[in-house]
Each structure stands twice: as structure tokens, then as C-alpha cells.
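There are two complexes below, and they share subunit A, which is joined by subunit B in the first and by subunit C in the second.
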Partner chain A sequence: MSNQPLVALIVVAPILVAVLLNLGYGKIRFSKYLFIASAFALLIIVLLSGYGYHWFAGHPIFQGLRLSLEYVFTPYHKFALFILSLLLIFTAFAASVSVVGKPGVYYAFLLLCYASTAMAVLTNDLYHLWIAVEVASLIIAGVVIAAGSPGAHRATLKYMFITGFAGAGLAVSLAILLGVTGVANISDAVYALSTMSLEGFMPTIYMAYAFFVIAWIYVAGMAPTHPIKADIYRYSLPHAAALLQAQAKLMMVAIGLIILRLFGSMPFTRESMLVISLITAIFGVVLALMQSDLRHVLAYIVVSHGGLVGIGLSIGTAYAISAALFQAINDIIYMGLLFLACEAIILLVKRDPAAGLGNLISKAPSLALFIFIGSFAASGIPPLNGFQSELMLINAALSVGLPEVAVVILFVSVTTFIALFKSIYEIILRPKKVESEVLGSIPNSLYASLFILSVLCIVFGLIPQLPLSFINPMAAEVGLAWPH
Partner chain B sequence: MATLKETVYELLRKWVSRIHVGDEHSAMMSGYLVGELQLIAFLFILAVLFRVFAIPLAVVVLLAVAASALYFAPIAIGFERENLSNFNLVMFWLVLYLAALSTIPLWGGG
Partner chain C sequence: MSLQAAAFLTAAFLIVVGAAGILLLDNLIKKIIAFTFLSDGVNLLLVTVAYVEGGHVPILLPGMSIFEFAEKAALVFPAGIVLTNIVIGVSTTAVLLALTIVLYRKYGTLKASIALRGEKE
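Coming up: the complex of A and B.
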């Protein structure tokens, strides 16, 4: 594999455009067109980038060690970043309609959200990973505060406090690994841990593992941080929530894979991650049942489905990792669809999509159809994409002799359906004596976004081999045998 | 004479009615009922999962969960209270998770 210069642009280009947007923040048309054009450009860069490594300092390998900051670009990375780029384009169109005033800085934050996610996904370096997590936290704060409500400010402040714990913990973990192995490159650290004598180091390494998992919990919004992460989704603007949930999924997969590579073969590490994932999956979906606003329901379902991804990663076999990665991609697609549908509802009736709205199907039947597709996909109903990945997760659990885990996945699937349709009935189907007034309109660009995401839900459900052909090589490389 | 099914249902409905004031047939009410059942079932499943470590341990945990479920029911409202986005509450649980994550694997494999 050779040095791939375009791979670095996936991170560097959005940062440069963010600087330009900051400089020209008062020029509304300039900001809008630059943001949308850069989102398309990022998609093209991802598609044109060749597989391989990118070495920033230009020193690939020196005396058997990798000295420089290193990015890895495989078919999985191309596929994951393609989906993220697609979502950035849809977010750019939605933000250009919804956000009023001088939105340059806000657009810059959305681009930096993309950059920090790409950084975490691509990096094979411990320091770079830590920087990605810290930058992502600050960007999330900026994106959520832009919503402007008191709830958004409160959620951001709490999230930033948790960052102080989780981010610093990750730094401690990296320092321990550097102290034990003497290397900062993840591949080198994996090699060192598997070949050197760890006699006397185990308590220290388990502490590094614990801090690493806390960072994983934090970026994914897993239990016990799930109430604060759910606040982040429900108080941000819906198009921003669509991008933030994609960021959380891709970063949790990136960190989860690194944990598997570094600590996955140590006793009881994957079992403890599995318990946390199970708790998150159930707690999230039960809390979703107790909400009435569709955005709040979606916020908790995002958290819950993060638990499903965590289940696959924790089982850690090649098949389970494939299932987890497929579930993460599917989650990004159908939750993106549902959050953008919330944006459409708000634009249409100028109200939150909550109980009391009613009978929306008569005013916007095609929007209702997109919401049904997204909800069916999220509930794991065939032949949509959520069904395929949840079936794979169930098979992965059964194949390692964990039928209890398969039952929990089924619980989550069924309860997602109940939680979503409890809310959707109130908003879309319930007949009303006094009809809600249509005060706005849904732009064609938003309809096109919903259409494309719906098509992806159907295509990935009917032809799962298509996404799996990108995912399976990565899963085969990281996969381990289940220890029991 | 009520059937067993009706009796259990009525019992559960009364538990939830006690903590949720309003229309008994509302969407919110159905949400709490499903949540209550989900949580109880999940706790039992989690207890059974302890068989991975040791079967006698799973039996003890299962019995403890059964006793706790009876004592603390209805658990949905308590669960909701424990899952507020209160900063101190989240930090408390986060520190407990960190302690468990660093000690349990060490105990088992170190």
C-alpha cells in the first residue's frame, strides 16, 4: 500500500472551508453555497481516494516502528465516510433552509463535526484519536448551543463537564499505553502488547482499558451517560441531530475496534462491554417509550441502537463485528431519515412534532410514507435494512451460545416499533376535530434527501451483500474467537 | 372470580396508575406499562447471563432479582427518576462504572 495524499484532504478540507466560512460569516449567500459545494466536494474526495495509508510526516516505517501520524483507508472507511458525506450534503441543504440570520459559523461547526468524525474513523494513532474525541466534544457543544433554547444550553454544559472526565480519562489511558509499550501508533501498540511480557503490568493495563471504555461510553452515549447524550439530540436542530447521531455511531465503532484490537483478547474485557451494551440497548428504548415528542423518542432510540452496535462489537467475532458495523451504517441512514423528517414537519406546521398535531398524513402523504419507511427500518421489519443487520446480530449472539443476548435484541426491535408508532400515531394518523394549520412548506431538496435515504433503507435491505462487501474485510481482520 | 391473567394485569395496572395520574388508556400509560414489563424481563435475562461466569452465581442473582422486582415494583417510575439527565447522578454512575470496569476484569483475569 502506498501513501495516499487525498485521504488527508478528507479531514483537512473541511477544516480549511470552516476557516473560510468564519471569515465570511456575514455573507449569507456565500456561506450557503460554499457549505453545500464543500459537502459535495468531500463526497467526491472520499470516492476518489485510493486504499492505503497516509503518513503526515512522510516517514512510513523506521526501524520497524511507525513514527508519524497515520491514517488508514480501507473499503470500510470509504463506505462509512461515503454515507457520512451523503448525510452532510442533506444536512447542508436542510440547514440552508432552516437556519436564519448569519449562519457562517454554524455551517463551520457542522463541517468540523464531519472533520472530527473522519479523523477518529481514519486514525491509527493514539494521540490523533484523543484529539478527535476532544475536538468532537467542542464541536457538539457549538452545534447544540446554536439551537438557542435554554434546554440546549443546559444539555451542552452537562455534556462538556462529562467531557472533562471522559476526555481526560482517555488521555490517561493513552499515557499508560505509551508508558507500557513505548509507542503511540495503534498497530505498533497492539503488536507490543501481544508479544511483550506483561508480568506486573496487568492492573495498570486494566486501568487503561477502563478509561478507554469510559471514552467509548461517552462518545456513543451509552449507559450511564445516555440521558445527557439524549438531551444533546433532542435539543439540537433536527438536521444537526441527524449529523450528530452519525458522528456518535462512527466514532463508537472506531473506538470500539481499537479497544478490541488492544484489549479484546484479555479476560473479561468483552464480557463487561457486552453488559454495558445490553443495559444501554434496553434503557434507551424503555426511556423512548416514556416520551411523547417524536424528537425525544428518536433521541432515546439512537442511544438504544448504539447499544445494539455495542453488542456486536463486544461479542467480537468476525461475523458479530460485520453485524455491528452494518447496524451502525443502517442506524445512521434510518435515524438520519427520521430526524430530517422531523425537520420537514417543523417547516410544514411550525410546531414541534409532538402529540396534539394529528392527521399529518392528509397534509403531507409522501412525508408520512418516508416516516413509515424509516420507522419500519428502525424496527427491524423485513425487507428493510434494519431487519438484515438485527438478524445478523441475533445470529452472532446465538452462534457464540448467548440466546439471552438474542432475546434482548428482539426486545429492542419490538419496543422500538411500539415507541415509534405510539408517537407517529399521535402526529400522523390520529384524526383531529380541528386540523392543524399548514403554515410553511417543505423544500424539494429536503424531499429529495428523504427519498434517497428511503431508497438506501430498501436497497440495503434487499441487497445486504452490497454494504457487507465493504464491511467484511475489516471485520475479518479485527475479529476474535468468543472466549467461552 | 377473576382469572390469573386478569389478576396480574389488574395488579400491574394499579401499580402504574398509582404513579401516573391521567387517562388510564392514554399512549403514555401504554408506554409505562410496556416499559415496566420490559424492565422486569430484562433484569431476569441479565441475571441469567451471569451463567457465563458461574452457574451458581446466576442462580443467586436470579433469586435476588426476583425478590427485588417484587419489592421495588412498579420499577418504571423509579427507573425514569434514576435516568434523569441530572449531572451529579450521571457522574455518580460513571464513577461506579469506571470502578467496576477496572476491577471486575482484573479480578477475573489478572
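Coming up: the complex of A and C.
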């Protein structure tokens, strides 16, 4: 086992580029090319990084304890960050077309969004985890404020207030774990909690668990924060929403896995997470049914599908965790596809993708095809990727004797289909007497992005073993038996 | 009551007052003040966790044995977290205040029930 310096570069490089973008914010061409080039460079760094650890204190394991702040890089991390890097490239191309003025600072925020997500995904210590959650909230605020609408300002202010609870809660949880175990490294804390006598400490440990769950709820937009998180997606620019939903999914998985490792074997912990996930999955998709603007529908479906990922993590068996991680990756892909398709519609007709648009299929048939693929995948229709992961989730629920959970997953799947196609019919298929005027064009780079994401939806649906070969080792390591 | 217990109680009081203020107060500026209470409470909690009765600063001085250091030194890690939390707290407060100014200009009120719902008073 050796120190892997490239792994730290996945987080450090975007921060350095963000500083450069801030310095040259007035130079439009410089900002644009630097942003796109750095997005490609990050993808290459992820691919070149070797599996292993990066120790910030510079020393390896000491007498069985890790002691240091560290990043871990396994096949799952490589795969998740590969997908995130791909989405960053697509976001960079979309932002370079649709953002006008001096966009350097905005590009810097998008890169910092990547950096904070990568930090949460890679970290194996409580300090980096807490920093990632706190910094991510400030970055989300910056990205949403950039949309400039009063709705965006209101959504951000509400979001910042709940940040107060989540950030403070995670810091309290960190303080409790430090006080009880004396270590900040998560592997060391897991070892300490499993070997030391916790007599008299259990209420305190449960308090740490509760604060961790608050942070988990916050990053994923779980109930009761789901309307606030949905507002974040619906009021940000669509390409930014594509990146933000990926951030939320990867960070919720990262925190969920840490909760499982630290507290998963304690009574009632996974059951309570399961209840929260079920409520979120149902509420999110029901609220999606009530929307007409496609962006608003997608915002609530993202939140609802976060509940599906939460269900898999809460069940916590190796198979359920595989299903949850697979669902998270698939969600990032098809929701990224649909948000970028919204961006394409706005560029084409210069208005929001809402009811009244109509008959888009005659103006942009290939765009309509990409939207259909994304929507079918999100609704869990075979042979696309959403079908495979939702089937795995249903099997995971049935295998631990929870058929009611399987019914909820089916309900979410069917309701997603209805909510999406209600909106898509209005935008794409509904015949109109007076056609909407085509006022702009969709750049080839955006078409290429939609094509690649559509291909991923199909490939991961037809060959699920491909993504699962990266995911399964991590799931097997963290998986626990379901408490009967 | 020991110094550490008193500090724990004070931290808990600040956290509860801050959380209640964010949830219950209707004035945006008061909500932001409550947020700073919450943040300060967390900082005090972290400092208290690091405190060692009769201990010393976590610097290995000449002539000090490693065992004496391990037994008496205050935990160094929470100090780093507190420093970071202060920086993040300042940034968050700045963003909160900036957004409050924007919403006040738009809606002409500091009432959260109106400004956050987007209605004119």
C-alpha cells in the first residue's frame, strides 16, 4: 500500500483552477477555455489515479491505527468520480454557451462544486467530511444566486438557514465522536466503537448518530427539507442543476456509507433512516405530479429518487448497498441528461420548458428522442439503466422480508412515469395551432453530451455487470445483515 | 461544577437558543443573529471537548517525555476545526446578510414570512 499523490489532486486541482478563474474573471475567452480544459484534465487525473490511500500527515498505518486525515481511492471511487467528471465536462460546454457576461466566478463555483463533492466521496476522516458539507452549501448558494431571479435568492436564503442546522449538527457529531474515541479517522473510529466498552455512552453515541442523519437529510434533500432542496434545482440554471443533483447523490451516498460503518450495527438506526427515505420517495414524486414546468417536475423527481437511494442504503445488506450505489449513478446519468435537455429547449425556443410550448418533436426530433430515453430510464422501463437498479432495489427489499418497501419503489417508479410524461406530452407531443417560434439553436457540444448520456443509459441497462463490477467490492466491504 | 461541565452547559444553551431562533423568529436579521449563536455554541463545544483538566498546550517542549505529552496535552484537532468553523461562519453570515439586503430591496420587509414567500407586504 503506497501513498497516491494524484488522488489529492482530484480535489486540489479544481480549487487551484478556481483561484485562477477568479483572478482572470474579466477575460471571457481565457475563463471559457481554462474551465473546459480543466474539466478534461480532471477526467484524466481520475483515470490515471492508482487505487490506494493518500495520507495527509504523510505517514502510513501506525500500530494498527491510521491516525491521519486521508483519502481512499477504490474502484467505486474511480467510477463515481469518472461519471462526475464527465458531467462536469458537459456542464462546462453548456455553461460556455448559455452564460453571458463575465463568467469567470461562476465557472469557479462550478469547479468548486466538483471539488467539494470529490472531497466528500474520497474522504476517510471526519474533518474533511464536515468541511465538504459546509463548503458545498456555500458553493450551492453561489451557483443558485448566479441564476439571478428573485426565486433563486429566496431559495438560497432558505437553504442557507438549514445549512446552519446541518453544518452545526455535523460539527457536534464530530465533537462527540472525538470526545468518545479520541480519533478523527473514520476507520479508527469504527474500530474504536466496535472494540471499546460503550457502557454509559450509548445516549451520547445515539446523539452523534442523530446529528449525522440531519446532515444526511440536508445534503440529499430528504423530508422535511425536500421542498427547499427542490427549489434549489428548479431555480438554478439547468446545466448547474445537472451538476448539483450529481453532487447531492454522491454526497448522500458518502455520508450514508459512513453512517452505516459507524452506527449501522446499533438498534433502530437503519430502521429510522428507512422511514425517512420512504417518506421522501413518496412525497417527492407526489409533489412532482403537481408541477407543469419540466424543470420543476425534474427537481422533485431528483429528491424522490434520493429517497430510493436512501432505501437501499438503509436496508444496508451488501446487495442493497450495491443497488443503492447503482441507483445513485444511474440517477446522476438520466437526471443529468434531462436537465441538459431542458437547457437545450431553452436555447432553442428562448423560454422555459413548460406547458404551452407543444409540438417540439417537429422542431428538434433528435432532442425529443434524448428526452424520451432519459424519461424512460428515470421511470424504470427496460432495458434502460433505471430499470436494472430499481429491480435490484426491489429484490433487496424482498430479500430482507420488506414487501411493503418494494411496493413503495414500484409506486415511485410508476408515478415518475406519469409525472414526466404529463409534462413531456405538453412540451413535445401536443399539437399546437400556433407553433412556437424557433429563436435559437442547440450547439453540437450539447447534442454530443445528450448523446453520450443516452448511450450510458442504454449500455448500463443492457450490461449492468459493467458498473456493478466497480460498485460491488465497496458494497461487500460495508454491507451488514438486516436486523430481523 | 467543573469548568468543563459549565462550558458544556453554556454550549448547549447557545446551540438551543440559536436553533430555536432560526426556527421561530420571523425577522431575517434576528434569524442571522441566532445563526451566529448556534455557530458559537458549536465552537465552544469543540473547545470544551479538547480541554484537559490541568493540561497544557499541545506543543512538545524540550525535556518533555512523549508519555507526559500524551497524558496532559489538550486535543489539537478541535482547535483546527474551530478555526475552520469561524471562517465558514463568517462566509455564511456574509452570504446570509447579502441575500437579506437583496430581498429587502425587492420586497421592502425583513419579515421572513413575507420575503421568503415572495409576497409584497
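By definition in this document, the second predicted complex is superposed on the first by the 483 of 484 C-alpha atoms of A that agree within 3 Å, B and C clash if a C-alpha of one lies under 4 Å from a C-alpha of the other, contacts with A are read in each partner's own complex, and residues count from 1 in each chain.
Note that in this section a contact is a pair of C-beta atoms (placed from the backbone, for glycine too) under 8 Å apart; a residue touches a chain by one contact, two chains touch by 3 or more.
Remember, it's a predicted structure, so these values are computed and weren't measured experimentally.
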- Item | Fit or clash between subunit C and subunit B when superposed on subunit A | fit
- Of the two partner chains, subunit B (first) and subunit C (second), which one does A:L278 touch, if any: first, second, both, or neither? first
- Message: Between subunit B and subunit C, whom does A:S38 touch in the aligned arrangement: first, second, both, or neither?
- Response: neither
- Given the touch rule stated above, what does A:S449 touch, subunit B (first), subunit C (second), both, or neither? neither
- Message: Tell me the contact category for A:T181 with respect to subunit B and subunit C: first, second, both or neither.
- Response: neither
- Query: Quick one: subunit B or subunit C, who's touching more of subunit A?
  - Reply: B
- Message: Going by the contact rule set out at the top, does A:P150 touch subunit B (first), subunit C (second), both, or neither?
- Response: second
- subunit B versus subunit C as contact partner of A:N385, first or second or both or neither: neither
- Message: With both complexes overlaid on chain A, does A:T91 touch subunit B (first), subunit C (second), both or neither?
- Response: neither
- Give one of first, second, both or neither to describe whether A:K158 is in contact with subunit B, with subunit C, with both, or with none. both
- Working from the superposed arrangement, determine the closest approach of subunit B to subunit C, counting only CA atoms, in whole Å. 5
- Intersection of subunit A residues contacting subunit B with those contacting subunit C? 158, 161, 165
- Can you list the subunit A residues touching subunit B in their complex? 155, 158, 161-162, 165-166, 169, 202-203, 206-207, 209-211, 213-214, 217, 223-228, 230-231, 266-269, 271-272, 275-276, 278-279, 282-283, 285-287, 289-292, 355, 402, 404-405, 407-408, 411, 415, 418-419, 422-423, 425-426, 484
- Note on the structure: Within their complex, subunit B touches subunit A through residues 27-28, 30-32, 34-35, 38-39, 41-42, 45-46, 48-49, 52-53, 76, 79-80, 83-87, 90-91, 93-94, 96-98, 100-102, 104-110
- Item | Complex interface listing, subunit A residues touching subunit C | 127, 130-131, 134-135, 137-138, 141, 145, 150-151, 153-154, 156-158, 160-161, 163-165, 167-168, 171-172, 174-176, 178-179, 182, 184
- Message: With touch defined as at the start, can you tell me which subunit C residues reach subunit A in the complex?
- Response: 15, 18-19, 22, 28, 31, 35, 38-39, 41-42, 45-46, 49, 75, 77-78, 80-81, 84-85, 88, 91-92, 95-96, 99-100, 102-103, 106, 115-118
